[in-house]
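Each structure below is given as structure tokens.
Two complexes come next, and they have one chain in common, subunit A, joined by subunit B in the first and subunit C in the second.
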Partner chain A sequence: MRKYIEFARVQMQVHAAYSAWFWANTFSVLLRMLVIYFFWKAVYSSRTEIEGLHFDGMITYIIIAMFLQMFVSGVGRELAHTIKDGNVAIELMRPYHLITRLIAMDIGDKVVYFIRGALPLGLLAFVFMDITLPETWQGGVLFLFSAILGIWIGTFFDLLIAILAFWTINLWGLEVMKEAVISFFSGALVPLILFPEWFQTASLFLPFQAMVYVPVAIYTGILTGTEAWLAVGSQVVWAVLLFILLRVLWSFAMKKVTIFGG
Partner chain B sequence: MIRYMKLYYLFCKQNLKVMMEYRMDFLLGVLSVMLQQFAGIFFVKIVFDHIHELNGWTFYEILFIYGIAATGRSIHHIFFDNLWTLGWQYIRPGKFDRLLIRPINPLFHFIADRLQQDGFGQLFIGIIVISTAMPHLDISWGVLEFAILVVMIIASGFIFVAINLFFATLSFWMVDSLPIVWTIFNLSDFARYPLTIYHKGIRYLLTWIIPYGFTAFYPAAYFIEGSGFEKLALLTPIIAVISCIAAYWFWNRGLRAFTSTGS
Partner chain C sequence: MIIVNDLEKHYRIAKRDPGLRGAIKSLFHRKYETKKAVKGINMHINAGEMVGYIGANGAGKSTTIKMLTGILTPTSGEVKVNGIVPYENRKQNASHIGAIFGQRTQLFWDIPVRESYELLKHIYEIPQKQYEETLAEFVDVLHLGPLLGIPVRQLSLGQKMRCELAAAFLHRPKVVYLDEPTIGLDVAVKVRIRAFIKQMNARYGTTVLLTTHDMQDIEEICQRIIIIDDGNVIYDGSIQDIKSQFGEKRVIHFELEDSITECVLPEELKKVAKILPRTDEDHHNVSISFSNKDISGAEVIHSMMNQYSVADLTIADAKIETIVEEIYGRGMKGRVHHEEIH
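The block that comes next holds the complex of A and B.
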């Protein structure tokens, strides 16, 4: 365990070293918030509610979802590149489990990003953009729990996709595709209740809505009471399922490595 | 000029051979970009299921703006994608020096080095979206309108190119300017919606400082009756030419200031 904590710590330091990307990222998030704000302002210029959501609720949903989505992807890219350039063979000989190491690094990444990126930007949004707090403190606590589950699901899904790098070299394409599917189905762009009926039913059977929609819907009070607990329950199922799936696919991929002789 | 065209043809042939070698990856790239664009359009569709117009703009008008942006960007994505890599793939590893000793224009060589297959997905989606939106606009499509549309799209593409080239050039001084290029590129997100929904300051920025407004909204507004921007829209090709000249001038300055990395 100690060595993995060390990996997380080193990753945090790496972050502090690349400040150019940090500022680029911060600035881009600010821009995105502006686009979102003006877009929804225009949408609500001629009406007061959509599917029971007022402007406050909608903008709160969209902004929180945007932040959460940033935590949903993980170190898939690192894994994919390790696989592509063949370093995975060396990594596998080292005295740690590669996946666990990557997850430790990912936690380091996310903690740093939460403190340096999401927290100040979130505060800014809170002050300037009519973002509201959850209605009840129970909702807030459940949101935190659900958000962590969502991030877990996203991280494992990310690694799962990255393993496909054993079979393709177009990592950029893979990444864009994954991002598109996630922002599409997870409810990161717009609450799923606005989607057509068939789409909502379909997404019930996919892991994506567990990444963003469920936690943010709990935050904004779209999901409450039993409904909320059921949704969190399905998150737990997905979290376990993806964990197992990753192990299976990984051991499967490991056989492929041996076949090619490293 | 003819020599350069011949050369570009040869570069293209090599690139195409590489593409065909990895056919699965080609498909994956095209498909992924199409999916990405589709997600954006679907988002607009969902929102318009609940509203009839956005600040006076109809669904098909928004779609049209979106289509022009996508098609214009595809020109940039297919032919000029290498601009993204100037810092980390050329200057940092010292590979840029290789281009400088060849007897052709280094910018030409640098751009011809790569043909980005993934951009074709963007092109397909863009064309599909434009042709879906076209019949719903209050305009009769003759040869002239069509020609103007093509010119507008090409101009849009070159504005994307010029902006990226301008900021990529900063790499000559700071080794890798990718974070800046990426941040500026994100500004183009604004251009996907009518600029009239934004604050005046943002509109001004996107019209006169970093002219992303001319990559989608203004050209589209030319074809939308009563948009009030028909005159400004006609500036699009001029803006494209000016941006390209400015970017190329800046590139040449960067080239002169360039001192290689390494020992």
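The block that comes next holds the complex of A and C.
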């Protein structure tokens, strides 16, 4: 266990080394927040509500979703690279579990990002952009729980795609597609309730809405009561399912590597 | 320490017809072809031995090493390292071995060297005291002091390799696999690295399996060599043996003052020596090969100087390098087996 904590710690340290990158990133998030704010301001200038959402609710949803989306991707790219350049062989010679190590590093990444990026920018948004708090404290607690599940699902999905690098030659296309599908289906761009009925039904059966839409909808009160609990229940199911799927796929991949030599 | 019996590894390679048609065809129907990379290797290496494992590119060296480290599962045969079957207990095996792959770095790219070592301390669960002692020793021997604070990506190749070496030995592994540890390094660094490896072996009894194309490495570090070719062991024995077996063959290059189109050997040499075919168009040069068993170098030179006016001469050394070159070239399958040598 200790070694994995160390991995998380080192990863935080690595982040500290790239401060130019950090500031560039912060700046781009700030810019995005401004664009979003003025875009929706313009949309709401001619009406007071869309699908039952007032401006406050909408901007809260969009901003919170934007932050959450940054946490739902993971270290998949790192894993894919390791596989592609063959360094995975060296990783397998070490006395640790590669996936656990990557997740530890990912946690390190996300903690740093939360403290240095999301927290200050989030506070800024609260002060200047009419963002509201959850209506009830139960909603707030459920949101936190649901957000952690969403991040878990996103991280595992990301790793799952990356493992496919063992079988495919070019992963880049797959990654781009994954990004697009996630931002669309997860509700990171707009609340899923704005989409047609059939689309909402379809995404009920996909893991994507569990990443962003469910937690943010709980936060903003789109999902309440039994509906909220059901949604969280489905998140738990997805979290467990992806965890198992990842293990199975990984052991298949290991068999392929160790028997066929990659 | 390392026991390998009848080890075989076959790869299945997808065969594909050329061009787009072939690519499409291979989507539906794939033909496989079996490539035998390792065909029944036997080797027994005792604790504390330093063995050179050599062979031409593609002979099956890396495949064997991969099976020893547990990355690859053998098709058949038995492998045991330190009593553990590597491919069944990969993680357990991993904590007893160290490795260097000359082409790939194992240190952590973005953090200073010292932090890399700290991390390795946790990964291999090295006790703090032992860690400090070992590191202090390595810093001293490999002159790592000034490098500890620098991120790995900023190190030169020679500096990096010294750091890698320390990383591979840091947890005092029982077995270390070194794959081309001196590739691309200058002589001074090579010397230092060889000295370090020998010192580790002397102090901790580390078993070393060294793969390299640099015969100087082998000659200085190893007592024993195993040569493999085309997936088979073609020689296993001491360096001394192979030298006396093949090393009696000597070559002397003469540079004559006069140009001669057809050089004729002196009478007394005709039976025991022969002229090597010229490699260039220079008619001043003559190369004579002979065996130490039949005649001494001095006699050859004496006879030649009696007959011709010699401007200069060089005696080619009986180096392991030339011997191995000869063995590779001949592909001496079936001719010399290690049973005959022992």
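Definition applied: the second predicted complex is superposed on the first by the 257 of 262 C-alpha atoms of A that agree within 3 Å, B and C clash if a C-alpha of one lies under 4 Å from a C-alpha of the other, contacts with A are read in each partner's own complex, and residues count from 1 in each chain.
Basically, contacts are C-beta pairs under 8 Å (C-beta built on N, C-alpha and C of every residue); 3 or more make two chains touch, one makes a residue touch a chain.
Every value quoted in this text rests on a predicted model; they were computed, and no experiment measured them.
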Subunit C versus subunit B on the shared subunit A, clash or fit after superposition: fit
Geometry of the superposed three-chain model: angle at subunit A (Cα centres of subunit B and subunit C, steps of 10 degrees): 80
Partner chain in contact with A:Phe7 - subunit B first, subunit C second, else both or neither: second
Partner touching more residues of subunit A, whether subunit B or subunit C: B
Touching partner for A:Val127 - first (subunit B), second (subunit C), both, neither: neither
Touched partner set for A:Trp172, first subunit B, second subunit C, both or neither: first
First, second, both or neither for A:Pro95, with subunit B first and subunit C second: second
Minimum Cα separation, subunit C to subunit B, after superposition on A (Å): 8
Set of subunit A residues, in rising order, touched by both subunit B and subunit C: none
Touch list for subunit B against partner subunit A, complex: 22, 24-26, 28-29, 31-33, 35-36, 38-39, 42-43, 46-47, 49-51, 53-55, 118, 179-180, 182-183, 186-187, 189-190, 193, 197-199, 202
Subunit B partner contacts - residues on subunit A that touch it in the complex: 20-21, 23-25, 27-28, 31-32, 34-35, 38-39, 41-43, 45-47, 50-51, 168-170, 172-174, 176-177, 179-181, 183-184, 189-190, 194-196
Residues of subunit C that touch subunit A when the two form their complex: 9, 11-12, 63, 66, 69-73, 87, 90-92, 94-95, 97, 99, 101, 104, 106, 108, 110-111, 115, 118-119, 122-125, 151
Touching residues (chain side subunit A, partner subunit C) in the complex: 2-3, 6-7, 10, 13-14, 17, 86-87, 89-90, 92-97, 257-261
